[in-house]
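Before anything else, here is the set of structures, which you'll find just below.
In what comes next, chain A is part of two complexes: it sits with chain B in the first one and with chain C in the second one.
For the complex of A and B:
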């Protein structure tokens, strides 16, 4: 008897798996191909309604606008549109209104920032001290103006800001003719828009604050940080994505667009164009001067301009903000 | 230098008492582990010590000074959170230096101190990283570093190892114990993991439903659990707990149940000795009686066999399942209506479906009151003080 060592074999499958022979021939391959194609098509089918809406209501008008900007046309269906090349753009940049309206839009943005960022952050931080049901009531009260239709709020503010009997003038003891003097009109339009969107901004800030993990503030307080240090070093940096979002909304949405119904119902862009911002100018060109070509050219310019601003803001937001992960 | 005292502390959330009248004294340099299942109030208790949650009732004292109303930042304590709570926008260096920066120390001092701590925790190469660029273990060490940097009187830790994988957890356990030995500071450590409690603590406080069940060394809470809850919480598998009755037989006390007869080796029972109890035996204290002995003329009731000097405590049952742990095996047996686990070195000779007789030495029997769950200690003389040794029966 002579013994010997034998290696323990590594585990193997009992029998090699043989791929089943491809049976069936051409009919089956074709069917498989259609099935695979079908699978590929399905996601696009789901997307179709949304894409359709985008194409019909956004991209097609955009392309048409770009197209009209090279024509001279007074919007009358009976009048033909005549091609004029770059003439509309040339006019746009030589008229003084464009620069003025951009400047007024910038002023409105600056005037709105306290309402969309500063006050909401202060209110949001203070609101954290309000507990339970009182907090919901409080937030609902602040949010309420956002739900008022702009034209209705315009009517209310026209009355509040009326030169003789208006509550604002009576309370402050002044006699400013709010909607008929240049600076007061701009301030009033900005202020009423700010009042309008404040609730929305507060809500966004509250959501941003709520999404910050409470552990950070607790850890910092055990680490010896005061409330102000916690706010400055932790809460505000962690809130930065929310603040950049609000900045973007103010620049792209509130200042140019949300002011429109108020301007239209309160000042019609006056006095002496003092409240004509870019959107109102656009609208004036198109629907008061019936100059479709010029309005389209302005539309294209603003579209590109705002696109550029949005890109810059996005770039800043990627650079500056911190994300809690 | 910190001695932490908690006096009769209660925390209510609505009608729920998360912590209910807990009193504890943590001596300077102690490593106290608050142990209990989820929802037992251990984290709430720790947060009350930290000053993050105000107690509804009671006092918290640090070195004899009442800090119940003192804000967290003035308590000279450091805390490591379960989530680590590393500030996501700050580098490791700024995270660790944060407590010093909050105390307005000079930049150069902060830099030097952070470097020292980073050296201890082997974080030197990671100082410029942000938390999201770190692994779980590294984050955990940064959290430790932020606690260490200030040299606080005591360290509070809320399940600091629960987010680590098993291997890293074992390694970090040793590191924290080593840290405690080296710093000589007071540690209060919350966990639901009994292995952490047994291996790291100098004393363990077991909590259940907001109440303190027992405080003692790891050996004490394991060997002489003060309540059925502690007995059933510690050990893997935990202590077997069976409903039994104390009866007098031939002037001696026995704990009996279906399939169970345990002579307690106590004489002279008083008239009130008979009572319903919970009988406890650790799985490792049960042994399989050799077949030759079983085959002998043992009566069904398990009464003394004449020749035997002390009648053996026996549990009769059937093996239901066997778990192989490698070095040991666990046999799950059905004894009467109860499940009993037996832990023994392999091979232990169990077979599924087989009837078995298990024995246990009298000193390994634990008795608990059926109602209150508290441990029962035998007092031979009604007027004598409760003996220190853990002899069973009535208080």
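For the complex of A and C:
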């Protein structure tokens, strides 16, 4: 029955373990043992490719980043790294850039919340009664920006927001130099990212609303609850798991990660660092200043920081969300 | 949840209590309705006419606002070079001059080919490793299972920017910098892929696996003759998601291919300058071409693409 599992087992099956059993003179036991060992190895064999890649390209570098953070090194293969203890962390926390980049990341998160939570919820509530073909056409349109390659979107928005010839400034009669003034640049980067991810949030909220059991609302309306009361006290609480999920993606994924290609191709973190968020700062330390130690120290700090934020958000989602069971 | 995309064999269990696991507190909890259908419950008061009209207006306006930049991208790329600065909503007369210039200045065909190779191989690699790992998690219990699964779940907490320096050094040592293999190889594992496929496999009827085992099939042949054929829809949806992600990937290629803009996402950059005075025609033409394959897939498989992405968010 399980003979085939032995075939899949590697030829390097630990022989010493099998040998003593065989020496015991009980061939059947030995064979059974081999079979059991073989079968025990099987799931690990299936796991090996994915796990191996995960270790080599995700967890090994994490450990090495922690290690680099105690050295001074300029990434050059010929230049040896010299140990400097906690010096990199000391530098990191005395440089103003760290605090500034965290602050700008927070601003980006706040700026994204209308796109990832407010508009999707409002639209979702207003459009609950649109069904059928029309609905899927609208949703197809709204979701499309999510699929646009980040650099392509950088290109089209650079064109739309171009100071003298761009459609936005000419249509609205303003002359804002969007990517070269500090606040407009931050607003533009946040807005373009928001445009990217809005469709995703709208669909997630719509799916969340669709999954809420209509019986509660019906019961409440029989009891004389108004439409607003039902929305406020029933629909929104039941939607809270979806909203916490969206908050989490905004904080951990959209604000730090999705902004990166836009920043890199539109502002390079400028003007005067106005659009340098935490991950762009890491990139600058590593590949513009070639300061591997400082970049690694910052990497470790941000990794721990985001881990902490994720833990807090998970805790909140456990506490706050109302489950529809 | 998306019954229409699921194979018939998983349907009975999809209504079971543990179909989507303990995390199904979210919108996927009640299953049933396909994601793209959204049969919202009729809330008190019924469907008054005004509400329906307001709903249509809201969605239509939002849809137009979202699509306008995409439309403008293609509209600009199709204008005659002299008309680039026109604001007329329809590009007329049409012209392919911008595309011609783009093809003259950048080897767009090579970029398209490279990007296709990179995205396809990355997505297939991720799909394969995810399938094998998810199969291990779903079909066996073994020591360390929870911990190993946690390793996949936690991998999204390690962003590229944290692991980039050691990975860059390793690629340098392997001689893979500035090669397409260097872009593909570090990416052939996807924590999300493992998670999603495991959820599908957990709702897979255990009797089928048991029956295959009784027939004397090896676990390997069970995987390919029993599991995969029944998982085709889920694999397709995940495959599309991974393909789109790989196609649009920017950070990693930008790092590995620093000296050579050999994929589309980087090719676009060569038309962009920080100062004003970009060559807008060829720039929008290249950007439009870079998005075109994804949009074609989207037009053909809209439901699957949307449900693939939304599902991934609803875990």
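What to note about this one:
Convention: the second predicted complex is superposed on the first by the 275 of 325 C-alpha atoms of A that agree within 3 Å, B and C clash if a C-alpha of one lies under 4 Å from a C-alpha of the other, contacts with A are read in each partner's own complex, and residues count from 1 in each chain.
FYI, a contact is a pair of C-beta atoms (placed from the backbone, for glycine too) under 8 Å apart; a residue touches a chain by one contact, two chains touch by 3 or more.
It should be emphasised that the depicted structure is a prediction, and the values quoted were computed from it without experimental measurement.
With chain A as the common reference, the superposed partners chain B and chain C fit together side by side. Between chain B and chain C, it is C that contacts the larger number of residues in chain A. By the touch criterion stated above, A:232 is placed in contact with neither chain B nor chain C. In the superposition on chain A, contact of A:220 is made with both chain B and chain C. After overlaying the two complexes on the shared chain, residue contacts for A:299 are found with chain C alone; chain B is out of touch.
Judged by the touch definition given at the top, the superposed model places A:90 against neither chain B nor chain C. Using the contact criterion defined above for the overlaid structures, shared-chain residue A:62 touches chain C, although it does not reach chain B. Closest CA pair between chain B and chain C after superposition: 5 Å apart. Annotation: chain A residues 213, 215, 218, 220-221, 225, 323-324 touch chain B in one complex and chain C in the other. Contact residues of chain C toward chain A in the complex are 25-30, 33, 35-45, 47, 51-52, 54-56, 58-60, 62-64, 66-67, 69-70, 72-73, 76, 85, 87, 128-130, 132-133, 135-137, 139-140, 142, 145, 148, 151-152, 155, 157-159, 161-170, 172, 186-189, 191, 194, 213-214, 216-220, 244, 247-248, 250-251, 254-255, 264-266, 268-269, 271-272, 274, 276, 278, 280, 283-284, 286-288, 290-291, 294-295, 298, 302-303, 305-306, 309-310, 313-314.
Residues 1, 4-5, 7-8, 40, 42-47, 49-51, 53-54, 56-62, 64-65, 68, 75, 77, 119, 123, 126-131, 134-160, 162-165, 167, 170-171, 195, 198-200, 202-204, 206-215, 217-218, 220-221, 225, 227, 230, 235, 241-242, 245, 249, 252, 256-257, 260-261, 264-265, 268, 279, 282-283, 286-287, 292, 295-296, 299-300, 302-303, 306-307, 310, 321, 323-324 of chain A are the ones that touch chain C when the two sit in their complex.
By the touch rule above, chain A contacts chain B in their complex via residues 213, 215-216, 218-226, 229, 233-234, 237-238, 322-325.
On the side of chain B, the complex with chain A involves touching residues 50-52, 71-75, 77-79, 81, 83, 85, 87-89, 98-99, 102-103, 132, 146, 150, 156.
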